[in-house]
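All remarks here apply to the structure that follows.
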């Protein structure tokens, strides 16, 4: 089964990080089509970056379904263009924020999310609210680092992340942690080991849900909201 | 991978219906441990039935994990005893209502749920609210039939169900339908064909999510809420 | 008028504490039927304890109504099995959490709740939300003590409780305090005196509401949700 | 025990109706101080009527507490000036809407409210929301009659009310009915008999809760929100 | 004062309709810069259309601010790219949905919205919820017509719209109507006359709010959420 | 265009402060009718003060509309009697809290409010909730000063206010600040300069919105909720 893993920004090394995280958990027979959106900004840090990433992302999705992709994973924690993606796709489309939150509410009663920049906090809070997890999500926290620092200064980023996990455990009563950026995927295991808390990475969560949904034969409803975009004139 | 599929009531034929629905979608290598709670009422129709079913269900879960079950599916749409089950289990525990709702919000923007008895409507509405899908769930409907009529008068039950799906499409603007009772599992495909709407059965949804979560190595957080029950004095 | 005061756990000394708290406030002519659920865990600390307590509690309720009880008070702050109890009872059933919250929103605009173990915090938060007091309840706090410590180490427990009341006043702007465990009933007066805040004990609140509701002739609605459990087959 | 029953409008016959409803349910030893607000409009039908009624109502409350009233019942379903009343009163202040709703959620899982004029519907909906009963209250309905028609054309008013109760049962799935106007108090028993639904009148509910709260010794918290009005310069 | 009025689709005649609506209400001294997004779809009917319109819209905004625009109005009722627009703009950015809703809650206690296609209903419902008007907005309705039919078959569109206004008054208890598409602007006055209900067009509402906000000297906060997009690498 | 600016308390110097704030931003041709409610308390600090201010305020509004006022601004941050004012007025009525919040959500994604006394905090929180800004408003803070201290000890009041703005920025992640008292209007500019945060004063916000709404020809809906008060028998 082919699953599209699309990184909505244009940094190929982040696509590779996500692909490796996915490969560690896929079922036998799953093939990951990892794609970068070459027309997008190098990282998604705010609404304007999102807006500039989405049109190219929609084309990537259409192309991948033409290649046989049965489900799509959007590998950016803002879930940018999720509704639009569902309109252009036949298969299920899974945002990593929505997936990580669905897993978090299954494994715990209260969790916190840790993201990169403070400006992403309200964006993620609004997603949490939109996904109906306002009661279960104790707090959206930030380590105050740009996305690309995760790659450029991985040890400093890791240290700040680990400290924030411990603060979330102590102050929020968090029973699990959700990593609020696709670029944090490979720190997941080490964080879990060093903090003792379950740590959920959205890429892993979304890839497994994509396998599950495609495996069950589910397809995006084409009734009303996610119907194919109307062909004009 | 072994997955426990526990029917919280004591009607073995309903367990078998759920098991067959599960077998149609499991991945290669998944083994379904289908269990009936022999000490429970014959059907779960209200809070008191739930209460009387749960203690036996907890024992079934402990026994199945001792046999190697990696995840648990609760096959009753009230998700009875979900918190208690998560306390006694090491692996993820998936209620069919929570699973079906998670799938429904991924495939559609608005859905309706159809259950058996009117008295179950407020119970399911409260679950929807608890799971944060109040905006996406248009309406919880009932066909006003006891649970066991699904087995005893399947054609009449099917006809009422199909009619209600069509009403939900027309009046609620439902873009997908969730079946609000484990006993409806085998009507799912036919409903989809005859109504043209995506129809989501919780057993299928939950079994696939259970495979996904166990496959990713997720386990129930033992921090605070779902920690093992305290051993007293 | 007979009122059932059922302690859902099996520790008779806690039943006695609750009974004494009730006796201090009952109207002339009220008779308290204090009952312990002998088949239940010794304390209710989490969902599994609740689940194991409820079936026996339902039998106690049926027996007490047969003896003439006109209303029932559930003396555990998790309000375990409240819906089930309402199904099997003819008279009103009052959970001490729901009662204390109803009193708290009448006497104050903002209150905090203080319970025993951290694992009970999310359970009580969900009750607060379910009862619609999310805006008025500032915070659910815990003193991080097992329930039975209230009896075994009463002075230490009292000191922690008093300190937490003062923190709630200072940090939460709490205008009243709700005690989040039936076992705290007898500390209520002293806390009020030493902190200057109104302190609401759920047993007292619930017993008075039970007298009021039974005195007005109210009975549980048998339409739909709380109809008698269906008799099967 | 003296309890103030204040009718915030200036129609003495409505005060008498409320007083008689109260007398049917009071405990031995309860004395009802029934008071009319002579400076108020003849009926409360909208926000401006409320605003013009409240200042006089506050004086009535102060006078009644000076006479020894231990608790106050506001006998208008808009609960006008409830916060202000709590500021000027030492004893508990109970609005009939808040009381009726607290009783309704104890006796049923879903209820509807029926009031007089359509313009009162959004006012009551906002109260329901403020009191946190948005999920339990199915619908606020009106019979489209001015308040005083309840006295002037009682049979016509009764017939419209009874029909609306039946519509609420059928269309809303209401398990109980709350009467949304103090002037409907004496129709309560007959409605219950003729429709088979529990019908809750706010005056009865509030008087019994007032007895309960005063009987337990509860007083309005004077910390912050409901502190005595500040004495200015 | 220059105000940008940007039509996010590429149909110049719709821009002209909006411009004329604006000109009827502007204050002396206000200059409307009406702009069409030439790279966008011909109409915005769903999430994918929105996504494809926004990048070009952001460029239009930057260009207009360079020309001296002091505030921006987004003339599409989905408020597409509102957050992104606020990031790239110095002046206030006003979506016509947010503006119309702000006006509606000031003039009435309950209103309904009427849009074009059914697929836009959930999009607008989510906006209403995001803007916190869920209680005041009774219902989002559609006349089931494509956007461009407003121009191509104006009489048929008008008739369907007028009928839907009357249904909203009768069934929803709507006290005001919000037009849910920029293309309906010129039908506003006639609808008001023929139905007797206040009818709010978002273009008019937003242009007046834009004048007000710019006139008061308000500018978009550049702290955190709407800070300028980060310049990468 | 005449706009009524009514100060609901009886302190004329506060009316003058508000008038001067308004004059700094009005459009050419706007005339401010500044009125004091002579029968009201000297300041509005709690519900009882509000209740005593409103009847006189309604008369001021009626008189000003008779003089030709086209819109009304209520210059007290509790928005006292807003519904009643809308019933007696033909033109739009704008509360300074509602206006400031509407501006705040347009300029920022997250803001905090700073008011005078702690007892006003829950009142304002309830307004925020009623206006649907619960997600955007991070926190309602108080400087713990009586309203009249703003005039009597302006430097001390200013210093406390500035400190609280900085705390809101640091701890709440506030992107803008709303001043929670009409008496703070003239400190607005200095606060903005010294803290670097956008600071929104409700008087300015409301006066500009009043100009906008009256300028567009909007009038209060007289359908249902805000219909003229009923004339009684």
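For clarity, chains are labelled A, B, C, D, E and F in written order, and residue numbers in each chain start from 1.
In this text, a contact is a pair of C-beta atoms (placed from the backbone, for glycine too) under 8 Å apart; a residue touches a chain by one contact, two chains touch by 3 or more.
From a predicted model like this one, the values you see are computed outputs, not experimental measurements.
**Student:** Which contact partners do chain C and chain E have in common?
**Tutor:** A, B, D, F
**Student:** Roughly how many whole angstrom separate the Cα centroids of chain B and chain F?
**Tutor:** 51
**Student:** Distance-wise, how many Å sit between the C-alpha centres of chain A and chain F, to the nearest whole number?
**Tutor:** 42
**Student:** List the centre-to-centre spacing of chain E and chain F in whole Å, with centres computed as mean CA coordinates.
**Tutor:** 27
**Student:** Got the chain C residues that touch at least 2 other chains?
**Tutor:** Counting only residues that touch two or more other chains, chain C contributes 83, 109-110, 118, 121-122, 126, 135, 173, 224-225.
**Student:** Name the touching chain pairs, would you?
**Tutor:** Contacting pairs: A-B, A-C, A-E, A-F, B-C, B-D, B-E, C-D, C-F, D-E, D-F, E-F.
**Student:** Would you pull the chain A residues touching chain F in the complex into a rising list?
**Tutor:** Where chain A meets chain F, its residues are 118, 121-122, 125-126, 129.
**Student:** Would you pull the chain C residues touching chain D in the complex into a rising list?
**Tutor:** Result: residues 25, 27-28, 83, 92-94, 98, 102-103, 105-110, 131-136, 169, 173-176, 196-198, 200, 204-205, 208-209, 211-213, 215-221, 223-226 of chain C touch chain D.
**Student:** Please name which positions on chain D make contact with chain B in the complex.
**Tutor:** Against chain B, the touching part of chain D is residues 109-110, 135, 173.
**Student:** Which bits of chain E are touching chain A when the two form their complex?
**Tutor:** 41-43, 45-52, 54-55, 58, 81, 83-84, 86-88, 118-119, 121-123, 126, 130, 146, 148, 224-225, 227, 229-230, 232-233
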